[in-house]
Amino acid sequence: MTWVLDLFLLLFIAGTAVAALESRCLLTSSIILGAYSFMMCLVYASLGAVDVAFTEAAVGAGAGTVFFLATILRTGRKTSR
Amino acid sequence: MNFIESSFIYWFFVILLMIGLYGAIAKVNLVKKLIGLTIFQTAIILFYVSIGQKKGAGIPILDVGHGHGPPPEITAAQYINPLPHVLMLTAIVVGVATVGVALAVIQRLYAEYGTVEEDEILEMIVTRE
Amino acid sequence: MSDQLIILVVIWPLLAGVFSALMPADHKKLALWGLLNLAVTNLLSLGLVRKVLLEGTIHYQVSGWVPPAGSPHLGIELKASVLSALLSWLIGAVALLGFIGGRSTWKTQIGERLPHFMALLFLLVAAFQGLSLSNDAFNLYVMLEISSLATYGLIAFGGGRAYLATFHYIVMGTIGASFYLIGVGYLYIKTGTLNIGDLAQILSQVELTPAYLLALGFLTTGLLLKMAVFPLHLWLPNAYTYAPASASLLVAPLSTKLAVFLLFRVVNDLFAGRIAGELPQWSFFLVVVASVGILFGTSLALAQRDLKKIFSCLIVAEAGYMLGGLWLTDQRGTVGALFHLVNDAVATLALFLVVVAVVKSVGGRNLNELPGLFQKSPLTAAALILVAFNLIGVPPTSGFFSKATLLTGAVASGRYEFVAALLLASLGNLVIFFRVIEIAYFDKVEDTKVSKDGQLAGALALMTALLLVALGLFSQSIMDIFIRPEVFS
Amino acid sequence: MKRFALLFTFLVGGLLLWGSTDFPDWNDPESPASTYVSNLYITQAYEKTHVPNLVSAILADYRNYDTMFETTVVFTAGTAIFLILRLPLGPLARRRNTEHPEAEPQTLPRDPILEMACRVLFPPTHLFGLYVLTHGHYSPGGGFQAGVILGASFILLAIAFDLRATLSRLPEGLFKPLTALGVAFYVGIGVVCLLLGKNFLDYEGLRAIFSGISPQMIRSHGILLVECGVTVTVSAVIFAIYTNLVSRGNHREGL
C-alpha cells in the first residue's frame, strides 16, 4: 500500500509548487516553498539519498526560507499577480 | 508497484521542471520568478538523485560500525550509486547561493523603485529617461 | 614543482581573492597587491604554456587518484592542451591589462568597498582559469556557477539600472547553467562517467540515440544562453553597460568567450567528428541562428547612442561569428572561430579601455559628448581607429585574418548565408565606427585642452590595440602552433 | 510573454519526455550509471579511505576539488551580497526617502518565553552541529550541513533576541574574516599536500606531518580537516547573508 502514500506525496508536492507560484501573498508563497522543500526531502530520502535529503532540509528548506522571509519583510508581501 | 522507485519519477521531474521554468519566465513579480527558479533547480536535483537508484540496494553508507572492524565483503549491488548524491550536494549549495544573491538584488531594486513588479520597474525606467 | 604549474594557475588567483577580502581598504596598497598577484598568475600561465609546448598535453589528477591503465578516472582531472594553456595566459593577460586600465576609476566608482570588489575580481579570474583547464564535465558546471556568481556581484555594483540587468542575468544565467547540468546528467545516465576524456571515448563508439541528441541539445542551449547569442542575448547589453568600468573590463572580454570555449569542448572533444556526418541539420540550423544573430547584434549596435552600449551590443554579434564558425562542419571554420575568440577577447578589452579613456577625456560616453575627442586625447582616438579597423576587418589587424579564415570555412562548406552575414556585419561595423569617429573628429568644440588622464588611459588602450596588430602579424603561427593541433579533422 | 513561456515550457517538457524513451530501465542495477564508475567507488572507497559514508568519502576525497570550489561559491555569494547591499542608495531612492521618511526600525517586542526557549535550544543546536560535522564519516552529514546548522543557531538567536544584541556578541569584525578563513584553510591543506611532494589535495602528503598513520587513516583525517574549513565558511556566510538581508545591509534592525 505504500504506493498510495507515494502518489499522495507526489501530488501534494506538485500542488505546493503551483500554489507557491500562484499565491497572491508573497509571505504565503515563501512558506509554501519551505513546505515544498521539506517534502522534496522525503522523496530524496525514499530514493536512498540521505545526505541530499539532509542538505536540502538544512539548506533549501531552512536557510533558503529564512532568506526569502527576510527579503519579503524588507520589501512588500502583497502582489496583484 | 512503487511510484517513487520507477520511471514515473522521471515524468514527475518533467512536470516540476515545467512548473518551475514557466514561473521563472512568465511571472512578473521578481520574488515569484525566483521561487520558480528554485522549483526548477530542485527538479533537476530530483532527476540526478533518481539516476542513482538501484533495485534492492541500500543507502550508500557501509554497515561497518565505526570503521575499525575488518573490511567487509562489499558487492556493488548492495549499495545505491553515491556519485549523483555528491554532485547534488554541490548543486543545492550553489542554488541557495544564487537565491541569496538574487534576493539581495531584489532588495536593492525595491529601495530604488519602491516595487518588486518587473513591469512597474520597467515603466519607471522608461519614464525616467 | 613544474608538474604542479597547472593547479597553481588556478589556486593562486583563488587564494589572492580570498585574502583580498581580509585587506584594509587602502587603494594604493590594494593596487600593488592586485598587480603583484596578477603578475604572478601571468608568469605561472606563461610557464604552463612553455611546458605544454615542450612536453605536450598535461594531464593532472587532483588529489592523486591516478587511474590504473584501462580503468576510468575516479577523481577530477585537469588537462592543459596547447589551446587551453594559451587561453589561460590570455585570461591572465586580459585581467592584468584590465586591472591597470580600471585603476583610475576606483576612486569614483568603488570607494571603500574595494577589498571585497577585488576579492570577486580575483575569484572570477580563478573561475575562468578553472574553466579553461578542467577536464571534468561536472567541475565545469561548478566553475560556470562561480564565474556567474562573481559576475552578478560585480555587475550589480554599478548601481541604479544595473540591478534589473543583474536580476535578468541571474535568471537567464541560472537557467543556462541548469540546462548544461541536465545535459551532463543525460550523458551520465548513458555512459556512467563524468570525465571528458572517458566520455569522448565512449561517445565515439555509440550510435547517437535520442538521449545523446538531447544531451547535445541541452549542453548547447545552456552554453548559448551563457554566450548570449541572439535570441538568448537579452540579458547582456544592459548588464555590461551599467557595470562599473573595472568590472566590465574583466567580464566583457572573457565571460562569453569561455562559454564559446566550452561549446568548442562539447562539439570538438565530446562529439568529435560526429556532427558533420550524422547531424547536418543541426549544423544547418545553428549556422542560420548564428547568421541572424550577427546581423541582429550589429543592427542593435547601430541603434544605440551610448558608446559602452554600442560595444556591448557588438559582443552579441561577435558571439554569432564564433557559434557559426564552430558549427560549420569545416575544420577551417573551427580554427577561424577559435582564432576569433583570441582576437575578440583582446579587441573587446581594447574597446572597453577606449570607453574608460573617452570618459576620462571628454567626461561622458554618450555620442553627443564625444566632439573634441581628437583634440583632447589623440592617443584615445588612435586606439579607437585601430580597434575599428580590427572589427571592420582591415589588414594587418587580427580581425582580418580571423574573418578571412571564417570566410574560407564558410565558402568551403557552402554556407553562403554565413558569408553574407559576415560581410554585412563588417559593413555595419564600418558605419558604426564611421559615425563615432565622424562625431569625434569633425564636430568642433571650444575647449581643446589636452586631457592628461585621458591621454594616460588612451595610451593603455592604444597599447592593447597594437597587440591586435601583433596578433594579426603572427596569426599564421598562432593558428599553426596553438589551434590546429587541437581541432579534430 | 506568458504565451511564449508556455510554448517554451512545453517544448522543453516534450523534449525531455522524448529523451526518456531511450533510457535504460529506471532502477536497473545493470544500467551504465550504476555500473561503470560507480561500482569502483562502492567497492574501493572504504578500502582506500576507511570512511563508511561513501558520500562523504567521494565528496571530500575523490572529488574534493569540486567541494573546494563549492565552498568558494558560498564565499563568493557572501561577498557579493555584502557588496550589493552596502552600496549607497541611488538618487531616486534618496528622493523617496526624503519625501516619505521611513518609520523607525520596527522590531517586535521581546518575548520572555521565546527568549527562554532559545536559551535552552541554543547549546544543543551547537552540539548537534558539531556532531554532524565530526560524525559525517559514519552517518549522513558533513561540513555543509554542520555549517548550516551552526549558522542557523545564530540566526535563531538573532530572531528571538534582537539583531543588535546578537551582533554585539558576534560582531561583524569576527564573522566576516571567518568566511574567508574557512576557504583559506581548505585551500591551505591542499597547498600543504602540494608542498610535501604530492598532488594538490592528495592527503597522503600529510603523512609526513602525522607520522605513523596508515594511508587509509590519513585520508580519513584529511576529510575531517577540509570539512572543518567548509563548516567555518558556511556557518559564517549563512549568518552574514541573514544579517545583511534582514537589515537591508545596515545592521540596525532585525526581524
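For the reader, a short list of remarks on this structure follows.
Order of writing sets the labels: A, B, C and D. Residues in every chain begin at 1.
In this text, a residue touches a chain if its C-beta (ideal position, glycine included) is under 8 Å from a C-beta of that chain, and two chains touch if they have at least 3 such contacts.
The model shown is predicted, which means the values in this text are computed figures rather than measured ones.
More C-beta pairs in contact connect the chains of C-D than those of the other pair, out of C-D and B-C. Separating the CA-averaged centres of subunit A and subunit C is a span of 38 Å.
If each chain is reduced to the centroid of its CA atoms, subunit B and subunit C end up 29 Å from each other.
Chain centres here are Cα averages; for subunit A and subunit D they lie 19 Å apart. In subunit B, the residues that reach two or more other chains under the touch definition are 5, 9, 15, 21-22, 50-53, 57, 60-61, 83-85, 89-90, 93-94, 97-98, 100-101, 103-108, 112. For subunit C, residues that reach two or more other chains under the stated contact definition are 138, 142, 145, 149, 152-153, 156, 160, 182, 188-189, 194. Contacts with at least two other chains are made by residues 50-51, 55, 59, 63, 67, 70-71, 74 of subunit A.
Pairs of chains that satisfy the touch definition comprise A-B, A-D, B-C, B-D, C-D.
Residue ranges of subunit A in contact with subunit D, taken from their complex: 50-51, 53-55, 58-59, 62-63, 66-67, 69-71, 73-74.
Per the touch definition, subunit D reaches subunit C in the complex via residues 15-16, 18-19, 21-24, 31-38, 40-41, 44, 61-66, 69-70, 72-73, 75-77, 79-84, 86-88, 90, 176-177, 179-181, 183-184, 187, 190-191, 194, 198-204. Of all residues in subunit B, those touching subunit C in their complex are 21, 24, 30, 33, 37, 40-41, 44, 47-48, 51, 83-84, 87, 90-91, 94, 97-98, 101-102, 104-106, 108-109, 112, 118, 121-122, 125. Listing the residues of subunit A that touch subunit B in their complex gives 2-3, 6-7, 9-10, 13-14, 17-18, 20-21, 26, 29-30, 33, 36-37, 40, 43-44, 46-52, 55-56, 59-60, 63-64, 67-68, 70-72, 74-76, 79-81. By the touch rule above, subunit B contacts subunit A in their complex via residues 1-5, 9, 12, 15-16, 19-20, 22-23, 27-29, 31-32, 34-36, 38-39, 42, 45-46, 49-50, 52-53, 57-61, 80, 84-85, 88-89, 92-93, 95-96, 99-100, 103, 106-107, 110, 115-117.
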